[in-house]
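Below is a structure I'd like to ask you about.
Read from first to last, the chains carry the letters A, B, C and D; within each, the first residue is number 1.
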Amino acid sequence: MIKKLAVAGTAVLALTLSACGGGDTGGTPGEGATGGTLTLSISQDMKSWDLAEAGLGHSEQYYQPVFDPLLRLDQQGEVKENLATSWTYDPALTTLTLKLRTDVKFSDGSALDSTAVKTSLLHAKAGTGESAAKLKSIDDVQAPDPSTAVVKLTAPDPGLLRNFANVPGMIASSTALTAASGPVGSGPYKLDASASTAGTEYVFVGNPDYWNKKDFPFDTIVMKTLDDPTAETNALLAGQVDGASITPDRIPALEGGGLDITKFYSGIVEGLYIWDRAGKITPALADVRVRQALNYAFDTKAIVKVAKKGLGETTTQHFAPDSEAFSADLDKKYGYDPAKAKALLAEAGYAGGFDVVMPDISTLFPEAQAAMVEQLGAVGVRVQLDKIPFSQFMPSLLQGKYALSYFKTGSTDPWNVIQLLVKEKATWNPLGYKDDHALDLVNRISLATGEEQDKLYKELNEYMVDQAWDAPWNFVQDVYASSKRVQVTTQPYSMLPPIYNFKPAS
Amino acid sequence: MGTDMTNLELPAGTSGDGGGNPLLRVDNIRVEYPSKKWRRAGFVALDGVSLDVQAGETVGIVGESGSGKTTLGRAVLGLAPVTGGSIVYDGREISSMRRSERRSLSDEIQVVFQDPYTSLNPALTVLDILSEPLLMSGTGRAAAEKRVRDLLDQVYLPSDAAQRLPREFSGGQRQRIAIARALCRDPRLIVCDEPVSALDLSNQSRVLDLFIEIQERTGVAYLFVTHDLSVVRYISHRVAVMYKGGIVETGDAAVVTAHPVEAYTRRLLLAAPVPDPQRQAVRRAARKQFDAAQREATRIGA
Amino acid sequence: MVSFLLRRLLAGITLVLLVASATFVMLNFTGADIARNIVGETATPEQAWAKATELGLDEPLALRYIEWLGATLTGDLGKSWFTTVPVGTTLQTALPVTLSIILGALIISALVSVVLGSLAAVRAGWFDKTVQFSAVLADAVPGFLVALALALVIAVNFGWLPATGYVPYQRSVVEWLRSITLPSIALAFGAIAATTLQLRGSMFDVLQRDYVRTLRSRGLTENSIVFKHALRNAAPPALTVLSLQFIGLVGGAVIVEKVFGLRGIGSLATAAAVQGDAPVVLGVVIVMVLLVVAVNLVADLAYGWLNPKVRAE
Amino acid sequence: MSVPPTDGLVVVPSAPVRRRHLMVRLLHDPVAVAALVILALLAAASVLAPVLTSHDPIRSSLFDTLAPMGPDHPLGADGVGRDVWAQLLYGARTSLAAALVAVAVAFAVGIPAGLLGGYYRGKADAILSWASNFMMAVPAIIVLLVVMAAVSQSTYVAMAVLGLIISPSVYRLIRASVVSVREELYVDAARVSGLTDGRIMRRHILPVVQAPSIIQAAQIFGVAISIQAGLAFLGLGSPSETSWGAMLNDAFANIYTAPMLLLWPALAICLTTTSLALLANALRDALGGKKVRQKSSVQRPKTSVRPARGAKSAKPAVRNLGAELLRVDNLKVTYPVDGGTRTVVDGVSLVVERGKVLGLVGESGSGKSQTAFSLLGLLPPEAGMQADGIRFDGDELGGLGRGAMNRFRGKRIAYIPQEPMSNLDPSFTVGSQLVEPVRQHLRISARAAKAKVLSLLERVGITEPGRVFDSYPHQISGGMAQRVLIAGAVSCDPDLLIADEPTTALDVTVQAEILDLIRSLQDERNMGVILVTHDFGVVADICDRVTVMRSGKLVETADVAELFANPQADYTRMLLASTLEDAKPRTALKGPAVGRRDRTA
């Protein structure tokens, strides 16, 4: 009896172990320039194949195989042609005329023409997804002829072109706008629904009719959703995936495990965000000297070194180094100077400091919270932590419950930053702070182009730093780990390398 | 199976104290255990059983397993659900008493169970076991301890036994402790449920002698339940033979255990082996003859 | 038999409804602006309000409860608030993952505990002591540590088995076995301990029984006595323990799935609970309780099969 | 009665055995002591946390992030620069206190419910049992997930909920204990003594429940600690509460950077849960009393047979008889007791003749059953057995291994046990239990074996052999079961039948029939029989020769007629005198028996 069991057990074990190596789904090293499978891990599941509900950031990669965007960014972040071969604005900057390729078909066989672009963009614009939010400036899309699409804007949108190079610019077939039975696009790959498991693994097989196959050398792309960082690290180390965005603390282990590490900036700025510049909740914050004092209070270099494991670039501004608005000199504006901070507070009448309430974020960002509480406390700002479930973190910020808090957001695109932070109705202006000078600058930026626009961007940036709009710490450095089987190039404006930046290692 | 004799002995309306009024009168009782299953008929353990016990008398209840003899004892003790008939003790109806009323009877009716191993709480000392009922009834601690020594003396256990745990005693000794507990509040009736069945032969007779001695000294009455005809003959004044929840025959011990009338009682008697090879051979032959006759009778009857 | 099944089924459904209802009420405790979470941070308050109205979140709790109950009773579990994928579909993809590792764990624990438990009861001595001690330890060590150790050593370090992911058996049975081996072992750890101890104990008791002595007196072989007669009699209590373990395994799956990056019911539950995705949470709760009910029923039937006395009733 | 009474009216142990309290017994178990010490240290550490560290466990110092072990941070600092040692100490507070909450809630709900349900039964019990079955089916982790995500992140709240979910296990335990105690005769006796329910609970029921409750509490405590850690691992839990679980969570984030961080909380958790589990185990052992058995249950007892010293010259201990079937010389059976051995059979010699019945008579503790078992090789493994010789029909049985013994057992030497119901395997049909040895010994087909068994069943007086063949043991009566066992014993036509009190558990009318059956089978097959009994009536009925035993020693052996007529030993005389058969019946009570229609002698 026991013998029989033991034999059976050994057999099963042998069976499972003998298949060892067969589980390797990655591309075989040494293979030529094309073919093989690229397996990527993404830390969050996708929300929906419906572009109206599509997310951005870490979700972008999911959409790239199936959908082709109107434009594309090159590795320097410059806008290049893709589905649209040319693009021109009218002088008022509210009409954008796009010339489309004429040889593109959706995978359902229908033609990708201006009507399809119109239908898809207007559908996506009506949605509530992150991506849809980037299309809000669109008033209408016209299709004067099959190869010409005219986008009418309610107001100038300097960020639109870059957005058209990302998920917002992706075009879905009119027959499958909501993607109820799977996504239908014109991209380099098609979703193999039978091999995919929603929420776990998406398998994409090459689209034989794609017009630009040379940029997409892999036969198959597999995207795995691995939301646990340790599981993701294990998968990278075990060679189960070829690439994944990772947290800085995993670098030594992954480097030790023979993976390539790429570091890059995606324009995210983290630090203390001051929501209540009008002093509605915490009156002290209405005083610019107090806000400046907060900027002096943080030893941002130490924070980056310790809490961020050296991954990050200290800054005082919201605009990324790659962007037109960036100004290196501004970063010298505030340094770590607690004495000065105290002096400024005293000057503003808060010699004894003041109390603030912040949401407790130690489960999500423990290091950040530690730094914040410690260094604010050192200059007399007494932080009270409000315990809330972490699912309530974002909503409570959006509701304007807190005068200030740790936060990170941003974009390499300066207009996106303005949309995010500066406008009166901006998402991350929850208390509706209104600064007439800043808004005037924003308005002028939207109406300007070229160098004039760049100058205005810089002016806005400088004004915001002077005003101590927030107390930024650093640009967040993102880390991408990839196996030796592939070559990866990161690029500005993308949180994850776009799939056309992956090549088999030669 | 013979005539219905369950109602044999009801002295209707007997009166006068010390005369016809028995200490205990069980009248046509029925005990039915409710079924565990919903809306299923319960198990009838006793039906239409009547009997009385006079003061100072031993009434033996004899029967085989499942005859209901133990249930009868438990019904008198209030430990079985009496669903019909009455049990009158000293003029008081006790079968339908509430728990709290019943407690007052603990001075009067006591019990000695069959198994001396489980009838004593293994965690308590003999002193605790014996003094518990006394303390309950308001006796002082010192008085209780004195009474316990006295009781141990009565059952021929040394007084230092009080400090020990039941497991330190043999079966016979434990049964003495159980008897002492039954005696501690001077009851007038003790229900004895197979008190010697678990004991060795030599202990059995000694414990029975102790029972008799106590009865003669204190005038306590016994309702003595056993399966053993020889035991019942040894200790009882009168005997009731039970079979399948009813009484089939009653009478003086000497008569019923030697010259039974009822077929069942006769079978019981003939089946019990005599410790004497010659007499047993005779009895065996008699039994075989009787069984053959019985079989013949049922065959004809059928 | 039929009435027994019907009664159990009815009790099971009542249980499912009770637990799900309690969960429903609890989920509505938060008062969180769930609609805002759903539409995302960039949406306008109007969009959030529209979402709330769309989901019926503006209706009174009682009304929503009745609506939910009605839908659930007709088998409609609704759609995820966040992904709008029907909950049924999500569960369909998640369930095989969890079931695979739980069944794997059950089979492993049953086999290992029969072997270890029987041998410990029969062999005694140091072997028995070792088994007992290891079982106590195995029971005491939190499951995720075991899972983590297995993942790091077997998968990452030696690369013998995959570290993450689940391969459906329809795609490749061998790959499926490989993908569930480590999670199943990790999950089985505690169950093995408890079941082994129980089996050892009951086996030991059975071997002391009179009928075992009588069977020996008939000259039966020791194998027949231990593995036929004793095991059969010792099995029912061990089976009860195993079926109780199942509930624990359902909980353990939540953790093991996280370590091995599996998208099963457990990780679904965690994600949905944290997000506040009520339809998904409710769907998971219903499925899990149904599973427990089903397993208990199977255990009862097996118990009856093993124990003729129970079968008669 | 010149023989000293065995019921020793004065033979009470001279000094009261010291009552060893549970705690005292526990303290003799090194494992329990170690577990207790560890738990005590952990508790002390958590209480004394402020003394043992000057660090604030919540206060993080950015520049100490992942600080190594050193004078300032004895165990280093975690990923956000909190002192690990301080966290460990203060974390013990949260973890232990929260686990206590779980235990407290579980017991606060479980104990009253268990007492209520178990003692009063009835409706309350039905409802409570129903509710507990419900609760048992609830997957705790899922509920806790929902509670922590939706209601409160506090570990204490989660643990209170866990306590509630886990309370059915307490309820079941308490209820089961109460039910079993309630069935105890001493509780009946207490009720008859007039004790109130409250007092019975306090005095007789609660003490019994106490010990298993402590075990259960230890287990729940361990479970609670584990579940806390699991929840923290899933990332649930209040950020501002220092707990081992929260430490683990932080450690997981840094597992590839500072794996040591995982060690400390994992160690603390494992130490606590293991200590609790071992303590529970030790408690159970202490309660169950010391298990006699340490050795295997299937190894053969140590047996040895001394070679017959000079086969012819040595004077046999038993006189030789014509058709000798079994001869046992100087049998000795011992059991190990604390620091020595106890001899339960001491120098017993006996002879069984073919076709004759030898009665083995004695009171409990006389060693008669041990003698019977030793002949069958059925002594428990710890027993030791010696004999100068056990010769069975020309073969020496002493010292045979299990396999060799199985050539005789069941086939040539058969056994009829005392208690019919407990000697049939309840899980197999009567038929299959009888067929198995028949097939094994006689090597015949299943069909032939079944036919043989059916005819045997008919032979032993079972009227519906087919039905009984297919029945399970619980479906037949005790008398029928004994017939089945007899059929099993004679199924392979043995030469020797060893019957151990075969009628003691039966009603007297059934006993007579079974004795008839044994007698006729013995007669028909010319078997030798050893009949172990305490009943001289049975001896008189069936035996040819009688051996009287007392305290493991042989008292006398004689032909049955001679023994009854002329017992030699005082002890035999005392036993015979104790039989009540011929005692004078008590006469009817004088006086009040008026008006009764009894037949008076």
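The working rule: a contact is a pair of C-beta atoms (placed from the backbone, for glycine too) under 8 Å apart; a residue touches a chain by one contact, two chains touch by 3 or more.
Note that the structure is a prediction, hence the values are computed from the model and not measured.
Student: So using the touch definition from the top, which pair is joined by more C-beta contacts, C-D or A-C?
Tutor: Of the two interfaces, C-D and A-C, more C-beta pairs touch across C-D.
Student: Using Cα averages as centroids, what's the distance between chain B and chain D in whole Å?
Tutor: Centre-to-centre distance between chain B and chain D: 31 Å.
Student: Roughly how far is chain A from chain C, going centre to centre by Cα mean, in whole Å?
Tutor: 38
Student: Which whole number of Å gives the spacing of the CA centres of chain A and chain B?
Tutor: From the centre of chain A to the centre of chain B is 90 Å.
Student: Name the residues of chain D that each touch 2 or more other chains.
Tutor: Residues 149-150, 235, 255.
Student: Multi-chain contacts only, two chains or more: what residues does chain B have there?
Tutor: none
Student: Would you please write down the residue numbers of chain C that are in contact with two or more other chains?
Tutor: 30, 148, 258, 274, 276
Student: Which chains touch, pair by pair?
Tutor: A-C, A-D, B-D, C-D
Student: Could you please specify the touching residues of chain D with respect to chain B in the complex?
Tutor: Within the complex, chain D touches chain B at residues 5-10, 12-13, 16-17, 19, 184-186, 188-197, 199, 203-204, 207-208, 363-364, 478, 507-509, 511-512, 515, 534-541, 560-561, 564, 574-576, 578-581, 583, 585-589, 591-601.
Student: Could you please specify the touching residues of chain A with respect to chain C in the complex?
Tutor: Per the stated touch rule, the residues are 1-2, 5, 9, 12, 15-17, 19-20, 22-23, 45, 47-48, 53, 55, 128-130, 133, 195, 197-201, 224-228, 230-232, 234-235, 237-240, 257, 389-392, 394-395, 398-399, 425, 427-428.
Student: Under the definition above, what is the set of chain D residues touching chain C in their complex?
Tutor: Against chain C, chain D makes touches at 133-134, 136-143, 145-151, 222, 226-227, 229-230, 233-236, 255, 266, 269-270, 273-274, 276-278, 281, 293-298, 373, 376-378, 402, 405-411, 414-415, 417, 419, 422-429, 433, 436-437, 440-441, 472, 474-475, 485, 488.
Student: What residues of chain D sit close enough to touch chain A in their complex?
Tutor: Residues of chain D touching chain A: 59-63, 65, 79-82, 149-150, 153, 235, 237-240, 249-250, 252-257.
Student: Quick check on the complex: what are the chain C residues that touch chain A?
Tutor: For chain C paired with chain A, touching residues are 30, 32-33, 36-37, 39-44, 47, 51, 82-85, 89-90, 93-94, 97, 111, 114-115, 119, 148, 151-152, 155-156, 159-168, 171, 174-175, 177-179, 181, 223, 227, 258-263, 267-268, 271, 274-276.
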